[in-house]
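Input: structures, listed below.
Common to both upcoming complexes is chain A, partnered first by chain B, then by chain C.
And then the complex of A and B:
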């Protein structure tokens, strides 16, 4: 009897342990529609949201192009409601683990990100590494509907454009869901998301990555220009690669430097009631293109080119900081957070006294570009 | 005299002095067996001296019998008045045979006759002379089919125990090599021989082996497995705890590590104890080639075993429980190849495994000339047609093929891996990767709890330092393997430079 009790309790323990392991269920892979991307717009007919889901049309034929995508749309009072509503129009349940993109329209973004992102963060299937992009078209859905020159699903194309851009284009930004939610919950920091639009060249539709959108308290309030986006990324220390275009005299942009490595150190300095944020931009670059008949390196030397690049960078960064401060008053750079991390009490005063905390700070930008190679194998022709 | 209706003649002596009565007695024992020949001979110089040779036709070397036994017997001049001890005289003066033993024990006589010896009876003697005239056809020494090597000796054991022992003796020429004979099988009377090197073998293991052998009571021993199944530890667990090989070099190497070998007459498979789990992954070639390559090979074999039991279970867990662990491109390709397949993944996996095991078993059992049919039908029907007809999906074919190739790398663990594989698949069917991990845990606990003749079969249980690991997962250079594996031998030092410092 005692032995039976022992065995029974062991079996019971094992059985209970199995239920503590979270989600597990046997389901066949082909019974799902694999979702590649979701677009959220303002709802019609009194509903709050209009959701467009792009999913892969998987045919069993191995020889056919498998990656063709289809879309389905539905309205709902919440995003999840709309998603479930859309199941009425599809023969298989949606599977969200491979969803790469969340596209939001400008008006939805204007209403605020916090309520929108809740389901995406909460749902078990969706990944928190999903990219969030703002549509510059009238609706976000029409981007997913587009018949692009490439047959791949639009969401995968956007994902690829963004991840490439974040490495090869200084202005390109990849901001994933968990990072956005982090920023939304951090005082002294605001979100800035990349935009996307459709481009029609001679009847061929393609996608185009747009400069970053500016949010304040999670609501979209405006857009940066291309140039501003780029220097914003320097100020935010998010540069992974890209080009610095400069010239030996102001206004003459004929030298391209390829960024190998960039690090921006943000240091808040408090002296009395004066708050100064110092940015030290350390850039390692290569002399990549000299769009000129002259040989600048011989004429001026590398140090002079570096100096010009320093000046260009400093000007650009200073410009974008003052423009954002004046125009939007939104701390998309996270300077407030830097102050808060080091001087919490100072930040308390800054943020509580009302108005725009950015406007009460002073900025000091130091740039240091180092050119480590010139990539020339022979002398320039004609010299 | 009543002949016992049995094959047991223990303690029965030669019953008569008269030749004819004795021969009749023998013929009665072997009544119904027409291969028993009784050949009467009488000395041309002394008609009183009459003899009879009893032997089994086909088991004796005729030339040996004629030249070395009958010829000197007929030429010898016996004393006029008859000899006092006829059998003794023949043994010492009238035979050329290298082995002539006088005996009155009927057990010995009947055993000798059926094992190719010749029994010589003389008139007036209540005993017989057993002459070694053994001679029958045996297979030549060839390389064992199941244990081929690229580099290394090419000889393998045959079915003759004495030949096998001579092969071992040629490799280890020391008086320290002991060979103890025993007989098993109440009816087959199979000769077996325990071999060990006295100064190396662990006495505890040797005694344990002898203890267990004493308890063997079986009427027939046709292969060494009859004995190994009876004497092994954990008899109901599908992991071998008694090693077996057909190669003399492997047996010699194991004896030198302190293990004990057991030869069984009629079987080319020699048993070695104790047998550790890692020995399934060791090959004799590991020691004949460069140790880097040997170590890579051994690690590959361990990995292959792991894959061969795990692949289908992991695949099943991923496609039916944890799709989120598959990269998007792979998910799409698996999903598209599963479109329209009628069976659930679990059933599909089990079906393909059964098909594979069937193919393997068919390949092992069928006559060689039908091999081509099997490979064509197997490759075309299972591989192509089944996928095209949407009976199974393509990925499962790939998984099962990969598993099969991995499994063939460690053929010695074939039975164990089949059981593990199905066990893990069932666990994965129910609980996904979680079930798989629990299954692996069960297997590991089983392995780590097992012993072979008192030695844990996983050396990790007692291995202390790098020296203990030098011949487990990798094969270290010979120069560095200064000690024998622990526990196996009472003399741990293999190379004199590696002894422990005194004091």
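And then the complex of A and C:
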């Protein structure tokens, strides 16, 4: 009897052990295609979406002229459907956890982000830090197809361009998925995403970051210009670096200041029925280039240059605010949110009385550029 | 042999884990959005008096035995019925925890693994721990509490740069109603669930005061919950109220440089530790109540059956994860009687009895002195 008990318990233990190995979801990396980016276009043949997936080419030996990424595309009525449809053309299942970029075409963006982004938000494999970019080409897919000069995956290139540009060129910074969803659901704030297009120089294709697109209620309604996009970044407090080009007289752009640090403080002020949004732009910059035959620092001194930079910055920011207010009426600056956060009832009145809330606000832009050095020369070369 | 099995500090750790449990991972508080932290504070404040009531009830019995206290207050038959009811409640709380636990793993990590095998693997160790008595449970809780603290601190420190204080504004604008509603849900789950921790005090040194222990545990758990909630709201903003597992998503945003990313596994650790201990406490309590209700001497033998009931209940209780999360909003109707109504009645009856006993006692003493 005791022996039987022993044998039985041994059998039971063995049986249990088999269930506890935890290998149900065991996957080898070579069973997967690692996705680097997705592009979503309007579908063909009656389907709603046309999805292009870029995935890494992880075959052992990659020689010089081989692309490091491959693409596959398919149609479907939903994004997920199209993604699964594309598996018919690929021998491995797609793995999305590494997907960095979601490229959308202009017409998809025009249809609205809310319906599109649901799957990207809901699916457990995709990360909420995926960045969204709008294609300025006819389709988003052709950007992923491009044979670029250095053969790196296009999605990774886009990501690098965006992060470098935001640090060194005061250019379009993209939003991560969770930030977009946050903005879409916040009163008094609209989404603005950077554009990207292909550039063909003597047969060599490269990518080019374009100014930001303007959205209203999650739908694309227009684009900013290069200049506007830059000053939009100032108004939005998204400057990590870049250049302010100014000159000692208006219209003469011969001084370049390198931005070291920028902070923009947005303060809503309510006086009676008058709502004013004050922007205080605090910039620390270096005197980086003086493209002239004169010696401005000797002639005018640093304080005068700072003043001119202040004026340039102020004009640029004021221009982009009034242009966006007039042309699009979309609060991509989040000024409405600033009012809503501090004076919710005032915001309620502003937004409910019809019309464009931005148009009912006044703006006051204060800029303060501080030049902290003149790089390695304090005198002008050749003097 | 089951006297003084557990020290005061171990009970505090167990209560903390019990509170942190599933709530640290699952949201379920989407109504109040950016004001949900206020709901947490409200729920905490509202629970303090209740824990005082729980401690007073335990003091009815010199042995701090909940059953004896109930017998004192309500008589033997009523106490037995109450014990049976609370056993069901404790089993259900355990079931809900293990369900959230397995849903989390099933949705986020292991799609192909059946829920039953996830829960079974978890339950096996829970049952094992329970059979080793309260002593081991307390030591495990106390030993692992620093890890919970560490993982929360690390995730908060690393997500500092992604935080935006503006996400908390405007404060209390969307009416106070959703905030109160969320607070009520939070009282029901997890704050009021501390009622399940009551049987543990039978094993604590008798000279230890009960209320301070309860309060310290409650306070620590509250701090963890508040910290996690603020982190999620500050990082994710509106999106925090969208996700079923906001902590996981908030932490997944963390990226320091290009190499220090994807530390969501910390949230998995939280869940593993806190969920594990919460289930163990639930098993212990249900065993305790059942053994009292049916007159068994020792609770340990009931651990395995209780554990198996919890697994089954966890799977049967809800047909899908959306149903489970929306049920959390109706949970107060089910659990507030156990957390508030019954303890209050017991407390009042017990206090009256105590008073009349004292009065009777002193009257008798007076008579003795006179004669």
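In this section, the second predicted complex is superposed on the first by the 347 of 383 C-alpha atoms of A that agree within 3 Å, B and C clash if a C-alpha of one lies under 4 Å from a C-alpha of the other, contacts with A are read in each partner's own complex, and residues count from 1 in each chain.
Throughout what follows, a contact is a pair of C-beta atoms (placed from the backbone, for glycine too) under 8 Å apart; a residue touches a chain by one contact, two chains touch by 3 or more.
Since we're looking at a predicted model, the values are computed, not measured.
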Query = Of the two partner chains, chain B (first) and chain C (second), which one does A:173 touch, if any: first, second, both, or neither?
reply = neither
Task = Name the contact category of A:262: first (chain B only), second (chain C only), both, or neither.
result = neither
Inquiry  = If we overlay the two complexes on their shared chain A, which of chain B and chain C does A:330 touch? Say first, second, both or neither.
reply    = neither
Ask   = Touching A:98 in the superposition: chain B (first), chain C (second), both, neither?
value = first
Query = Where does A:58 make contact in the superposed view: on chain B (first), on chain C (second), on both, or on neither?
reply = first
Inquiry  = Once chain A of both complexes is superposed, is A:312 in touch with chain B (first), chain C (second), both, or neither?
reply    = neither
Task = Please work out whether A:32 is in contact with chain B alone, chain C alone, both, or neither, and reply first, second, both or neither.
result = first
Where chain A meets both chain C and chain B, residue numbers = 24-25, 127
Key: chain B - residues contacting chain A, complex   = 319-321, 323-324, 328, 331-341, 344-346, 390, 394, 429, 431-432, 434
Key: Residue ranges of chain A touching chain B (in the complex, touch as defined)   = 18, 21, 24-30, 32, 34, 56, 58-60, 62, 66-67, 95, 97-98, 100, 125, 127
Message = Using the touch definition from the top, list the residues of chain C that touch chain A in their complex.
response = 107-114, 117, 120-121, 124, 166-167, 169-170, 173, 236-239, 242, 249, 252-253, 255
Ask   = Contact residues on chain A for chain C in the complex?
value = 16, 19-20, 22, 24-25, 121, 124, 127-129, 176, 178-179, 181-182, 185-186, 337, 340-342, 344
